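Shown below is the structure under consideration.
Letters A, B, C and D name the chains as they come in the text, with residue numbers starting at 1 for each one.
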Amino acid sequence: MTSFGFLGLGIMGKAMAENLVKAGFDVTVWNRNPEKTLELVTLGAKQGTTPKSVASQCDITFAMVSDPAAALAICQGPEGVAAGIGEGRGYIDMSTVDDTTSQIIADAITQAGGRFLEAPVSGTKKPAEDGTLIILAAGDQTLYNEALPAFDIMGKMSPFLGDVGQGANMKLVVNMMMGGMLSIFSEGMSLGLKAGLEGKQILDVIAEGAMANPMFKGKGAMFLAENYTTSFPLKHMQKDMRLAVALGDKLDLPLPTAAITNESFKQAIKAGYADEDIAAIYKTVK
Amino acid sequence: MTSFGFLGLGIMGKAMAENLVKAGFDVTVWNRNPEKTLELVTLGAKQGTTPKSVASQCDITFAMVSDPAAALAICQGPEGVAAGIGEGRGYIDMSTVDDTTSQIIADAITQAGGRFLEAPVSGTKKPAEDGTLIILAAGDQTLYNEALPAFDIMGKMSPFLGDVGQGANMKLVVNMMMGGMLSIFSEGMSLGLKAGLEGKQILDVIAEGAMANPMFKGKGAMFLAENYTTSFPLKHMQKDMRLAVALGDKLDLPLPTAAITNESFKQAIKAGYADEDIAAIYKTVK
Amino acid sequence: MTSFGFLGLGIMGKAMAENLVKAGFDVTVWNRNPEKTLELVTLGAKQGTTPKSVASQCDITFAMVSDPAAALAICQGPEGVAAGIGEGRGYIDMSTVDDTTSQIIADAITQAGGRFLEAPVSGTKKPAEDGTLIILAAGDQTLYNEALPAFDIMGKMSPFLGDVGQGANMKLVVNMMMGGMLSIFSEGMSLGLKAGLEGKQILDVIAEGAMANPMFKGKGAMFLAENYTTSFPLKHMQKDMRLAVALGDKLDLPLPTAAITNESFKQAIKAGYADEDIAAIYKTVK
Amino acid sequence: MTSFGFLGLGIMGKAMAENLVKAGFDVTVWNRNPEKTLELVTLGAKQGTTPKSVASQCDITFAMVSDPAAALAICQGPEGVAAGIGEGRGYIDMSTVDDTTSQIIADAITQAGGRFLEAPVSGTKKPAEDGTLIILAAGDQTLYNEALPAFDIMGKMSPFLGDVGQGANMKLVVNMMMGGMLSIFSEGMSLGLKAGLEGKQILDVIAEGAMANPMFKGKGAMFLAENYTTSFPLKHMQKDMRLAVALGDKLDLPLPTAAITNESFKQAIKAGYADEDIAAIYKTVK
C-alpha cells in the first residue's frame, strides 16, 4: 500500500488528513506544533518528527500550510522536505502560493530527485471536512496518477492541469470570474433596489433562472442582511483580480470587464473594507 | 369560473394558451392569422373574432405578441382591446415591450375602465411549453390576484412587483446581470485557454463550484464548439445593457461593470455578430 | 446692408449683440424683459417689439436664449419667429439645445418659408465679450454665407459643419473629449500626489510638454486650491458624456474610455457634486 | 570649474553632450563604440577610456544609455562607474530604467561613497538637440544643485522631485495622462467621423479651444493621414499604463479611466500594432 505523509494540520490540513486516515490509508502526520497531531494519532495515524523524516519515509507527502513563507520553510533547510525526499518519492503541495514560490519548491524537489505536484484547492473548511474539495493539480503526471486514490478521498474532483503553474492559473481564472460575477451582481441588486424593486424578489427571480448559482444565493442574502462577515477577504480577491489582469497583460489579452472589476474592488479597499468579505463590494456600489 | 382570453398564438403564445386549455380553463383565443387557432379550438378553446370582442367577453384577457408595434395594434383602434374592455375587466400584456409602450397601453386600458397588468416573461419556447416561465407582473394587484391560477399554469413563479414599469425594470436588472456574467465568463475562458488550460477542464471546475449555473454550462459548451446559433440575439442583449445603464444614469447610480460590458457587446456588434447568440461576445474577447 | 435681429439679451446674448452694434451693423434687439434692451439702444440698436416683428423686419435674426423651452417659446406661437419669418429670410439659433428641439425649430422655420441654421457656441462670458467664441454652424449653407460677416465679429472661428444636427454633434464630440481629459487628469494628479510628488511640480512638468493645454492649467490650479466654483456645472458634463456614449451606441461604435468616464462623473453626482464645477470630479478620484 | 563626464553617445546622448561641450564646459566623453566620440573630441571634449576612469576623473558623470541592461553594465563590474566614483563625486543616470534598476544603481554608487541622481528625461531627438528636454531629477539634492548649470543647458526645466524613484514616478504619471488623453481623443475623432463630421474641422475646433495641445495637433494629423510612423512605440506606452495602474494598486487608488485605457492599448497590441506609434490606438477604435 502506498504510504502517505501529511504536513500541516491547520483547519484545512487536519480535516483532509483525517479523511485519509479514516479511509484506511497509511498516513504519517507532522505539524509545527505537535499537539495537533494527537487526535489523528488516536485515529490511527503515525507521528512524524520532521518534514525531512516524513518525506524520506513515505511514498507521497502532502503539505497544506497557510502561506508561501510556511510552504518554503517546510521544504527548504536541513530538516525540510527536499533534504529527505530522495530519488523517486513524491511531494504534493496543496497550499495556495504564488507562481514564484511554487516554482522554487518544484525546483528544490526535482533537484533532490523527487517528483512534484502543485495542487491548490478551491473550497474551505466544510468541503475539506466533507471531502468535497476541488483539487487543481499540476506538475508530474506519474505522481498525479499515484495520488489519485488520496485525491478521491479529499476532493470531489481533481483534474490534472499540466505543468507546474497551471494549478495556480486555474485558480486565478476561477477567482477572476467570481470577482466579475460579484461585481455585476452588486450593480444589478443596487439598480433594482434604487428602482424600487424588493431585494428578496430579485434574488427569487435570479434563483429560478439560468443564472441561479450558490454564490449569488449566499452573497445575496449577505447584501440584504448587510452582513459582511469574512469568509473570503476582499483584499485577497482584489489581489487575484490584479494578478489575473496582469496575466492577461502578459498574454496580450485585453480583459476590460476584469480590469474594471479590479478597480471596483480597489474602490472598496479605499473605502476601508479590505478585511471584510468579498460581499462588501456591494457597499461601495449601492 | 373566470373566463380567459388569449391574443397572439406565436411560438410562445400558442404554448401558453394550450397549457391553459389543457388545465381545463375557459379560454377564448384569437390570432391575426386565424389558422393558428384551429389546433387550440380542437383542444377545447373558443374562437374569438377580434381583440375587442375577446376583451369584452372574457373576465381577463392575456396578450403575447412579438413587439411593441403589435402590442399597440391589438390594444388600440376600433377593434382593439381598449374598445371592448369596459368597466372592471382585466387585460394582461405578457409581451416584452419598452416602458413607454407599456405605459401607453396601461393608460388606454384604465381610461376605458379596465384593469391592467404588464407581465413580461423570462424564458423561451421550452419553458413556455413546460409551464415553467418566470412571469414578472406589475400593475393592478386585484387583477394579479385573480390571474394567479392562470399564472400558476403558465409559469413556475410570478411575483407581483409593484406599479406598471416594475416588470420591465426587473427584466432589465436580470438581463444586465446576465450580460455582465457572460462578459466575465468570456474573459475568464479566454484567459484560461491562452494560458494553456483546457476549456473542458475550466468548465468542469466551474460546474463543481459556487459559481455553477445553467447559463455557464450552456454557453460554455457553445464557446468550445464555436457554435453561436441564436437563442437570445446579441443585439437585444446590448439594447438591454444600454437601457440598464441609462436607468442607472437616471437614478444617479454608477454602474462601471455594466457600462464596460455594454461596450464589449458593442464591440461584438461592430464585429458583425448582432444577430448571433449572446454567446458570440466570446468571439471578440478570445 | 444686411439687417440683423437679435433675440435674447442675457449674459451671452447681450455681449454678442453689443459687438454687432459696435461693429456698425444694423441691429434690431428684443428681450423678454425689455429693460435689457435700453443700453443697446443707446449704443445705436433698434428696439424690436416681438420675435415675430423682428424676424419679419430683419434679413437675418439671431437668437441666444438659456434653454430648449425658451428656444421653442420664441420660435413658436402667434408672436414667434416662425410667424414672421416669411419667404427667404434667415433664422440662426445660437442657443444650446438638444437634437429634437433643434429639429422642431428647423422644421417650423423651413415650413414657414425661412432658412435655418443651428449655431451653438463653445465659450462663455469672456469670449462672448471679446468676440472670440467658437461658433458651430450647421443647416442652410446660403444663410451661413450671408451670416459670416456677423459670425466673424462674434467669434474667432465659425466652421460650417453640414446639416442641422452636426453643430450639436460637434459640441458632443468636443465635450466628450473634455470630460475624458479631465478624468485622466484627475487620476494622474491623484496618483502623483499619493506617490509623494508635489502638485505644483506635476502641473509645471505638464505645462512644458506636449500635453500642455489651457484647461489643465485652469482646472489643475482649481484641484490644488480645492476650489470648485462652478464655471461648467458637472451635471451638464455628465449629460454630454451620456449623450456622446448614446450617439456611439447608435453608430455601433464602442467608446470604452468615454463610457467609464461617464461612470466617474456619475460617481461625482452620487457624491453630491452635481452643481459644482466639472473640476469636482477630482474630489471623487483622489 | 566643475568637470563633467558623459557616458553613452547614442542619438540622445550625443546631442546632450554636444550641447555641454558647445556651452564651454569641461566634458570627458565615453562610448562603448569609441568611434562615436571623435566628433565630440573635435569640438573640444576629452576622450575617456572606461566608465570607471571617467567617473574617477570627473566631478559629475552623466549617463544616457538605451535600456536597463546597459545602465547596469556601465555601472557595475571592474571597469564600471561604481568602481571609480570614490568619495563625494556624483553620478547622474539620465537613462529611462525601471524602479528596481534605478535602486540597484543608486545603492552601488552610494555604497562606493558617491552621490546619485536619477534623471530620466521627457522629450526625444529634437528637444535633446535644442536643449529643451524636461529632466526629472530625484535623489541627492546637493548633487542636483551642482548639476543645475548642466541641466540648464540640456533642458528647459529640471525640477528636483525628491528621493530616488520619484523621477520614474513622475514619468509614469505624465505618460499615464498622455495615454488617457490619446484614448479619449481617438474615441472622439472616431465618433465625430462616424457622425459625419470632417476630421480636419474637428481638429480645427479643438485647436482653438481650451483643450488645444501640441500632442493632439501632431497625433490628430497622423490619424487623418493614416500615418503611424513610430515616434513613441505603442507597446512602451502600454507598459507605462500598466505600471501606472499597478502603482495605483499599491497605493489603494482606483484609476478606472487609466485601467480601461490600458485595455484599449492592449487591444491595439492584440491587433498587431505593438511596434507602431502610440497613435495606432486610433486604428482599433475607429
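Things to note:
By our rule, contacts are C-beta pairs under 8 Å (C-beta built on N, C-alpha and C of every residue); 3 or more make two chains touch, one makes a residue touch a chain.
This one's a predicted model, so the numbers in the text were calculated from it and none came from an experiment.
The chains that touch both subunit A and subunit D are none; no such chain exists. Subunit A and subunit B, compared by their mean Cα positions, are separated by 40 Å. Inter-chain centre distance (subunit A to subunit C, centres taken as mean C-alpha positions): 57 Å. In subunit A, the residues that reach two or more other chains under the touch definition are 248, 253-256, 260, 263-264. A ring topology is adopted by the chain contact network, closed into one cycle in which each chain touches exactly two others. Checking each pair of chains for touch leaves A-B, A-D, B-C, C-D. Put simply, subunit B touches subunit C in their complex at residues 242, 246, 248-249, 252-256, 259-260, 262-264, 266-267, 269-270.
The residues of subunit B lying in touch with subunit A in their complex are 122-123, 134, 136, 156-157, 159, 161-163, 166, 169-170, 172-174, 176-181, 183-185, 187-192, 194-198, 201-202, 204-206, 208-215, 218, 244, 247-248, 251, 253-258, 260-261, 263-264, 285.
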